[in-house]
Structures are given as C-alpha cells and as structure tokens.
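In what comes next, chain A is part of two complexes: it sits with chain B in the first one and with chain C in the second one.
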Partner chain A sequence: MKRLWLLMWFAGFVLAAVGGAAAAQEVVVGTSVALTGKYDRTGREQLQGFQMWVEEVNARGGLLGRKVRLVHYDDESKPETGAKLYEKLITDDKVDLLIGPYSSDVTMAASTVAEKHNFPMVSSGASASEIWERGFKNIFGLYTLAETYMDQILEFGKSKGLKKIALVYENTAFPRGVASGVKAKAKSLGMQVVYEEEYGKASTDFTSMIVKIKARKPDMIVGGSYLPDSTAFVRQAKENRLTAKIFAFAVGPGLPDFGKNLGLDAEGVMGNTQWEPTLNIPGAREFADKYKAKHGHEPGYHAGGGYGAGQVLEAAVKKAGATDRDKVRQALFDLDTVTAFGRFKVDATGKQVGKPGYTVQWIDGERHVVLPASAATRKIVYPFKDWAKR
Partner chain B sequence: MQELLDPVVLGQLLIGGLLAGALYALLACGLNLVFGVMRIINIAHADLMLVGAFAAWVLFATLGLNPVVALALVVPAAFLFGYGLQAVLIERVVGRPLLASLLATYGVSILLVNLGLLIFGSDYKSVPVWQGSFVVGEFVIPKPRAAAGAVAVALALGVYFFLERTRLGKAMRAVSEHPHVATICGIDTRRIRMIAFGLAAAMAAAAGAMLSMIYSFSPLTSADFIQKCFAIIIIGGMGNFLGALYGGLLLGVVEAYVGGVLTTQWAEAVAYLLLVLVLLVRPTGLRGAADVR
Partner chain C sequence: MSVRQLAVAAALVAAAAALPLVASEYHQSFMLQLFMMVALAQAWNLISGMTGYVSFGHAAFFGIGAYAGALLLQYGFPWWLAVVKGALIAAAVSAPIGLLTLRLRGPYFAIAMLGLNEVARIVATLWVDLTRGGSGISLSPALLPGLSVNYYTMLLLAIAATALVAWIHRGRFGLELRAIREDEGAAEMVGVNTVRNKLSAFVLSAAIPGAVGAVFVMYTSYLNPSSAFAASLNIQMIVMVMFGGTGTVWGPVLGAGIVMLVREFLWAQFPALHLALLGAMLLVVVLFLPGGVMSVFARRKRMRPEVITRESR
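So, the complex of A and B:
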C-alpha cells in the first residue's frame, strides 16, 4: 500500500513537470468581459471578436512560434468583480499578456490592478478619458474617446440651426464622459443644454424624465447610454410622444439588437460607432465575413474592437520580440499600425489618438454610417420623423 | 422646475405612476398571498414573473400572439406550474423555520434564472406590440401600459373577490388566519396552499406577460423587481392582500412624482425610503394586519 502511494506521488510530480513544460511553450492571454449583467451583450461580442483572433493567430503558427491560449472570466458587468478577476489572472493564472474588459466602468477598476502589477493592458472596450488621466503607464486604448462621441452629431445639428439640447446619461464613467463632451461641445458651438439628468445603472423607466423633457421642448435628445437604457428610452419617448429633430444615443444604436428590439421605432435614431464592417479599412470586410459565417450576424464595433485588440497585441509582441512586460509596454507606446479595427496610435498616457469616430443612423431597418460624409453609406435622414406621423 | 406647476405635467406623472403601480400591485399581491397563507417568503416570485414574460415572448415569436391574448395560455399554465411546485417542493418547508423556506425558494430562483440563461441567453428581449399611445386631451396614455394596467387591476380585483366571496376563497382566508383551526374545521389546508401558490404564480406570470410589452427583460431582470416587491408588501402590510394592492399603487405614484420633482435616481431609492418611513411610523404596514407567530 505504501509503495502504491509513493508511486502515485512520483507520477504526480512527473505529470506536473510535463504540464509545466507544456505551459512554458504557450502564450497565455487573460481577459475578463461581461457575460452577464448590463453589459453582457456587448461584452460577449468583444470576446467573440477576440476569440477569432486567437484562432487565427494559432492557425498562423502562434505568437513568437508559441501557441496562444486564452483564459477568460465573466466579470458580471461589475467593476469590483473585474478588479478581482484581473488580480487572479495576474497572480494565479500567471498570464503573459492582458486584454482589458468591456466598459469604461470595469476598465477603471481593472486597470488599477494592472498598474499595481506594472502589467501592460490593451483595452478594447473603454473610452472614458478619465481612464487615461490618472498618470498610469500600463493601459492602452483602442477606442476613440467618449468625450468626442457626439461631436459630429452636434456639429450637424448646429448646421441645421438647432439650439436646445436635452441630455440624459447613466451615472458611470463612460456615459459621464459622453455627457461632459456634449456639454463642452455645445458650449463651443453656442448651443444650450436645456435639460440634464443622470440616471442609475439599473434604470428601466424613464417616464418621469421624458415628461419633464417634453415641457422644455428641446431640438435634440442626446443620451449617454448603453444598449438596454437607450432601447427603453426610445420606446418610452414614443409612448409619451416626445418629439425632437434629432434623437442620438451612445452604444445602443450601434448594435443590431437595437433594431431587432425596437423594430420600426429605431428608424431615424442616430448613434455612434467606433467601427463598421463597411469602412474602408484593410481587413475589416474579411473579418466581418468570417465573423458572420461563425456567429450568424454582422459584427458591430464591439466585436471589431476585440479582434483589433488581438491584432494590436500581436503587433506589439512581434515588435518587442518577447512577451516580457517592459518590452511589450514600450512596443505599445511606440506602435503606429493599422488593424482591421483602424489605426492604433497612442499618446504618452496610452490614450488612443490615431482613430476617428463615426456616426450611424438607422435607415430602412439597417444601420448606416452617415457621418463623416467621406465614410457614409447613406445620406443622413433629417429631421427625425414625428411619432404621430409614423 | 417651473414645469412642475403645470397641471399637464402633474397629470401625466400621475398617469405614469398609476400604470406602473398597477403592475407592481399585481406582482406584490401574489407574494403577499403566499406569505399570508403559509408564512413563506417566496424569493423566486419575480422569477415566476419572468417565466410569464418569456412565455409571452415565445408565444409572440412563434405564433405572433399578442401578450394580452397569450394570457389565456400563460395564466392557467403558470397556475399549474405553481400548484405543482407547491406540491413537490414548497410543501416540504411549510411550517418549518423561516430559513428553510427562504433557502428553498432561493434555490428555485437560482434554478429558474440559470435555466433562463441556458435557454434564452442573457440578451434583452421585448415584445414590440401596441407601441405608441392614445391621446386624451392634453394627456398621452401609452397603449401597452394602459393594457397592462387594466389587466393588472382586473386580475388583482378578481382574486380579491374570489377570496372574499367564494367558499374556496373563504377557506383560504381561514388557513391564512389560523391554519390549525382551519384544519379542525375540515379544510384541506394542503390543497388550499397548493391553490394559493398556483394563484400567486399565475398572477406573477400575468404581470410578466404584461411587462414584456413595456420593458426589455433578461433572465437576470428579476433582482430589481423582487427587492421592490419586498418593499411593497412591507409597506402595504405583510400577508394582507389589499395592502399589497395599495402598496403597489402607492409606490408607482410616489416613484413617478419623485422622479418628476427630483430625479430618476431618487425614484429608484424611494421604495426603500418609504419602507423605512412606514416601519418607523406604522410598523405593521398600511393595512396593519401582519401578526407574528
């Protein structure tokens, strides 16, 4: 009996050693994304985009000749869970490279963990400039900043002589970033924010808000929102016959679900996008086609960002010639490259400065790029059709 | 703030509040019925609501049924589901320490949420029918909310009259007031409990089917609703059917006005502020019937 135990001990050691050797030959990339909770839809898209890159890079022979293995967890859309998971990824799973979570909210928390361990993190799903204003040296963004999201739409509104803006937004990092951008831009354009209100992450009923907005008769309704709240707001705007010349929301209208859930009511609603398959970027169409074949729908920018983040990592590791943290960090600072997601070029804080943003609008049941004109796939539809006349 | 003196704005807030409150009431009535009859706090109550919402969604997506029409299928099915659930599981924890029933219903909740995630995923769903609104003078009344409000009031009152007027309803109240004496009087308390849980499940599912026309929902939506439900039954009076009705309507209206006067963020917290206030001033709730055994 004793001998048997000894044998098993020995076997265990051998297995552990073999396993360790195998692990040394692969590059482990860690990430957490929201697979449940408010950001689940967008989080999952981002993960699927990233997973496609993992498959492709392995088909190409991996990174530095080593196979790439992805470790991912669900952060439940919660910043505190995200922070814990990145701690686990770095200390327990001992990953070689890090990809950021989805949402500015969770990224704010997760990036403090990466900073603590001095571990560079490529962030796909975050755009609040707050993230890059803390003097951190390890967070590299792909997204155009939240503060600039509504610029094109406000400029367009200005060109049509619109003046009064109603602004509503969720009380977390990204929507607040969008809102502060809207306020600054409105001021510089000489437009007036006649109504402003923050709402909670779990808000589903905006009736009281809409009743008040109606009384102020704004020309434009602008929302710093995600998918569930923008969908609910538009539906309730219709129920309460809230009219304006422009309805514009962050995130929601950029996703296929927006049109699916609202049906005809999505018509004319504007939004922002970081990326669309129709953009004239090398590799964008190919990625979109492959994604569609695999997942059954056209990818939105969240999936595109996940895929792009993979390509950025790949470019950085190639440039660094190693997965060493210091070398990868330097490579990310120096990199100026174009992925299927667009240009990647950061400033000294790690903030994205190379990639422009785009404006979309739902026209005839499809999402079209309408601004800037150079990238437009349809002419902008103006003004927003009155609910009573639909 | 000047728009708050406008009678149109005030009236519009009242309409919104009453319609939201009716749905809260329908949901909370079932929770209170179960608590009244068997002293069990059903944590899975809002998940039963989502069962109704998803059933309505499936019936809409496959057969194109309007959720109001779908009620004819959803309500009896939910009744049988609740009846069965009581027979198989909840009956085992009746009369046991409170923790046993809390754990059992919490288990049901986890099971239902994860079944929902497995079958439907966590995407937000909604049933886009009857979008838009009626215009009455200066006021707008959203169609789906009006339908939901009417259904909620009709069902809640229906169950109320059932409890007040019918023999079975009286038996149910007898079990609620004193199960021991009810047994001695020859009432089959086990059957009464199964019917009560069935009714509660049916009301929850009806609320869910109505909710599917108004909000987007996913299997994880239940958490917000169950918390509000608890607040409502404590505000209205634990175990008192009418208390839940009043509590629901009250919460809807107060939320609407707080949202109007202050902000939506305050409106979300008001259920709990109201709860604390009621507990301080009138610890037995508005209808003051809760007795401690």
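So, the complex of A and C:
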C-alpha cells in the first residue's frame, strides 16, 4: 500500500513536469459557446468554424512557432454561466488568448469579465451596438452592427420612391437594436415609420398586428426578428393578403429553413447576412468547401465568423510578435486585414467598421445575395409579387 | 447546538475565511458560488423545510434583490448599501405576497409561488424604462467591488443564514413552525399564532435571497430577466435542501456542498449529461434516505430526548 502511494506521488510529479514543459510551448486559446440551450445550433457552428482554424494554424506550424490548443466550455446559452466560464478561462486555465461567446446577451456578461482582467477578447458572435457603448477597451467585434442591418434595403426602397414603413420587432437586445437602426435611417432618408409595434419573445400570432398594418398601407414591411417569428409573420401576411412593395426580416431569411418552411411564400422576401460562402472574398469558398466536406452542409455566417475570429487572432498575434495582452490589444486596434469572413477594422471602441453587411433575397427557391450590387449573385426582384400570382 | 457542532462550525468558518490567502481566484469564485447556494438553500429551508410550505418560486426574491442591487449600484450607492437594500426590498415585497399566498395550503401555495417567479420575470422584461428589458443591465467594472469583497460578503450571508436557521430551530419560534408543518389545525387549536409565524418565516426567508441576489450581480456584472428569475435556481435550492436534509440546520450546508462539488467534477466531462446525473443522485437519496444525508447523523441523535428538555426549560 505504502509503495503504491509512493508510486502515485512520483507519477504525479512526472506528469506535472511534463505538463509544465508542454504548456510552455503552447498557445492556449479559450472560448465558451452554447452547446445546450436556445443558441445551441448557432453556437455549435461557430465552434466548428473556430476548430477548423485551430487545425489549419497548427498544420501551418502554429502561432509564433508554438502549437495552438483550444479550451472550450458550454455556457448553456446563459449570460451568468458565460461570466463564470470566462472567469475560469482567465484565472484557472490561464489562457493566452480569448474568443468571445455566441449571442449579444452572453457577450455582454463575458466582455465585462474580460474588461475586469484587462484581457482583449475577439468577439465573432455579437452585433448589438450597446456592447461597444460602455467605454470598454478589450472587446473587438467581427460582426456588422445590428443597427445597420436594414440600411441597404431602406436605401434601395428610397431609390424606388418608397416612403411609408411598417416596423415590428421582438423585445430583446438584438431585435431592438435592428429597430432603432431602422428608425434612425428612415429619418435620415426622409422616410416615415407609419406603424411600429414591439412583441413578446416567442410570439407567433401576428394577425391583429397585420390587420392594423393593412390600414396604414405601408410601402415596406420591416421586421426585427429571428427565424420562428419571421416565418409565422410571412405565413399570416399571406393569409390576410397584406401587400407591400418590400418585405424584409432580420435573421430568418438568412437561414435555409426559411425557404424550406415557406416554399413559394418565401419568394421575394429580403433579409440580412453577415457573410455568405458565395461572396467574393479570398478564402471564403475554400473554407466553405472544407467545412462542407467535414460537416456535410454549407456553412452559414456563424461558422464563417468562428473561422474569421481565429484568423483575426492569428493576424493580431503575428503583428504583435507576442501573446502579451497589451501588445495584442494594440495590434487589434491597429489591424486592418481581410480574412475569409471579410475585412476587419475596428474604431476606437473596438466596434467593427470595416465589414459591410449584405442583403439576401429568396429567388427561385434559393437564397441569393442581392445587395450591395458588387457582391450580388442575382439581380434584385422588385416589387414583391402578389400572393395570388405565384 | 452542541459543543461539538459549534466546534465544527467554527473550524469551517475559519477555513473559509483563510481560503483567499492560499486559493486561486478560480477556487475562490467556486467557493463564492457555494456560499451563495448555502445561503439560498437555508432561506428555502426556513420557510419550506420548517413550515412545510413548499415554495417553487424563491428565485423571485433573488431576482428582485439582484435588480435592486444592480440599479442602486448604477445610481451610485456604495455596494454594502446595495446589499442591505436588496434584502430590505425583497422582504418588503414578500410581506403582502406572503399575506395572500400563505392562506393557500399544499400544492396551491407551491403553484402560486411558481407563478410569482414567472410574473416577476415578465415584469422585468416589460418594464423597459427601469430594467432595460431584455437588453439587460451591464455594470461597469469601475462600479464593482473586487472578488475578495464579494467572497467575504457571500460567506457572511451563508453564515448569517445558517445561524438564523440554527437559532430559530432551537427556540420556541422554530417549534411553532414545526408544529404548523406537522398539523396546522392542531397548532392553531393549542394557541400557536400560525399567521404571524408563517409570515415572519416567509419574510425572513425572502430577505436572504434578496441580499444574495445583490452580491451575485456584483460578481457576474450583467443581469437580464432570464438570469435573475431563473427557474433552474428554484430547483437547485429545493434539490440541495432535500439532498442534505429538509428542516435541519446542517442539511442545506451539506447538500449545497455535495451537490456543488459533484457538479463541478461532472460538468466539464459531461456538458449535456451532468444535470441528468445529478437528478439520478437525488432520486437515490430520496428513495433510500428520505431524510437526506443528515438522517445518517440524526439516527444517533434521536436517542437523546433533546426536544423534551428544551420544552421543560
């Protein structure tokens, strides 16, 4: 028995020594993403995109000649769990670099922890502008802001002489950001929001709202939405024969399920995307092909963002020549680079200003980029076809 | 409390107080969460363990305290005042609610409390001017005290909650509460003021989560309606108390300690399964040790007619 204890002690020391030696040659990158809870699917895609970068960077010889090791946890889609996990990543796992979680609300919590430790964090899964309005110095975004999501569509509407907008949105952080952006943009374009209504999370009955909207005869219907609510709204708009020249929704139309669930009714509906594999960005197609070969489906922008976040970190560490927090932070502020996810350039608050957003439209059963014209894969279809003539 | 129990308590407190000198920040923040659960479990034990009025909505008071704390910190109040007011506001809210709901018996009270937590969450979501709704409140690090302040405050709350339960448990108030649990009608017949007793226990058991919520928000720095009024928190309080031993002084401490430690070891290995494994553990305890882990110790104690000596005093 005594000998066994001795042996175990010895083994423990050897392991500790080996572990210590290995750690010195590694760059440890930490992140938490939702693997359970309501952001499960999008969080998983983001992680898969990020893992692909880790494999590739190691195949290239690592960062600064050191191997990259990923430590990740499941934040259960909850801000409070995210806060605890980033505390753990920084103080217990003692990671060298940080990648942000998925969703704006978990990022709100996680970025406060990073700020407290003065630890720079590259965020690939958050777009609510409030995150960058708190005077923090350590949160660097990849996503175009929620407030700008509808800008291109509104400008397009203006060019067609449209004036009246009906605006509906869910009452959580991201959709409210989309809505405040629409209101500001409409004002600057001299357009008028003739109807506005906020609805509760998980609402799927919009009939009474649609009846009220009909009375105002808007030219455009704009929704700050996710997938289930935008799908339900379009279905009920058809049932109630709500007509307008443009129908545009956040998040929903950017996902394959939107076309799958609505079929012909999805035709002509516009939406937004942060990134598409078809964009003319160096590396985008290659990443999409490799991702598809590995996971069996085309990557959406969540996977693209995870991969891009890795590339941004890589560029920043190379520029800094070290993983030192202060040097990496400065490098992230100075960086102006193009990853497979698009251009990365932040302002003095760390918010993304280099990457444009894109507008998609459902045409002939497929999702196509239609705006800006330089990135378009199809010409925009206008006006929105009558429900009966499809 | 016997001399031996006092000695154990003193040793535990001394160890917890000395821990920040040696432990890493991560271990400190784990212990902070443990203290939080001890305090919350004791609060639940105070109303549900002692009187038998099972509350499925105690997270409501936690959330109210958390929101009160977050807002007061933002208005520039010092952190200790935010904690004290968090407790007072939760207690103030609980009094009228207790007056209404404590008339309900059995499952009706449990369901009313479950509803209270849901209503509180909806109010926090819709009252955008005050709570910023679903966007949540993010506190600037400059407003927040350091980890050691949060650590000792949470430790103090855990000790205070346990001491309160111990004190009530050995006194006349505790006896009356347990009389209500065993047979409320009979207790009333022999002259126990059931309304006053139940209400006092309820208000005390709401003040503790109120204070805990305020410290919690100082620790996580971000609060939204779903994290303040989390249904999972209700379940955790109940599970920990049942695990350790309902209506006892040490049960909630033991239950919170065991459950938190087991979770800590399980969640990294089995992200999706760890709650299911905890559920299985709880089933085993409920089936084979209905009195919780404490009943293993209590078996010896039953030989000593403590209650009778106390009565004759």
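Definition applied: the second predicted complex is superposed on the first by the 357 of 390 C-alpha atoms of A that agree within 3 Å, B and C clash if a C-alpha of one lies under 4 Å from a C-alpha of the other, contacts with A are read in each partner's own complex, and residues count from 1 in each chain.
To be clear about the criterion, a residue touches a chain if its C-beta (ideal position, glycine included) is under 8 Å from a C-beta of that chain, and two chains touch if they have at least 3 such contacts.
Computed from a predicted model, the values in this text were never measured in an experiment.
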* Comparison of chain B and chain C by chain A residues contacted -> B
* Should A:N171 be classified as contacting the first partner (chain B), the second (chain C), both, or neither? -> both
* **chain B versus chain C as contact partner of A:A250, first or second or both or neither** => neither
* To do: Check the residue A:R241 against both partner chains and state whether it touches chain B (first), chain C (second), both, or neither.
  => first
* Asked: First (chain B), second (chain C), both or neither: which does A:A232 touch?
  -> first
* To do: May I ask you to decide whether A:L35 touches chain B, chain C, both, or neither, giving the answer as first, second, both or neither?
  => both
* Name the contact category of A:M270: first (chain B only), second (chain C only), both, or neither. => neither
* **First, second, both or neither for A:I363, with chain B first and chain C second** => neither
* To do: Determine where on chain A the residues touched by chain B overlap those touched by chain C, and list them.
  => 35-36, 171, 200
* To do: Write out the stretch or stretches of chain A touching chain C in their complex.
  => 35-36, 73-74, 78-80, 83-84, 87-88, 91-92, 105, 108-109, 112-113, 115-116, 128, 130, 134-135, 171-173, 176, 200-201
* Where on chain C does chain A make contact in their complex? -> 24-27, 29, 33, 125-126, 128, 133-136, 138-141, 144, 216, 219-222, 224, 226-227, 230, 268, 271-272
* Asked: Which residues of chain B touch chain A in the complex?
  -> 3-4, 6, 9, 12-13, 16, 20, 117, 122-126, 128, 131-133, 135, 140, 142-145, 215-216, 218, 220, 224, 255-260, 263-265, 267-268
* Contact residues on chain A for chain B in the complex? -> 35-37, 40-41, 171, 197-200, 202-209, 211-212, 215-216, 227-228, 231-232, 235-236, 238-241, 257, 261-263, 265, 387
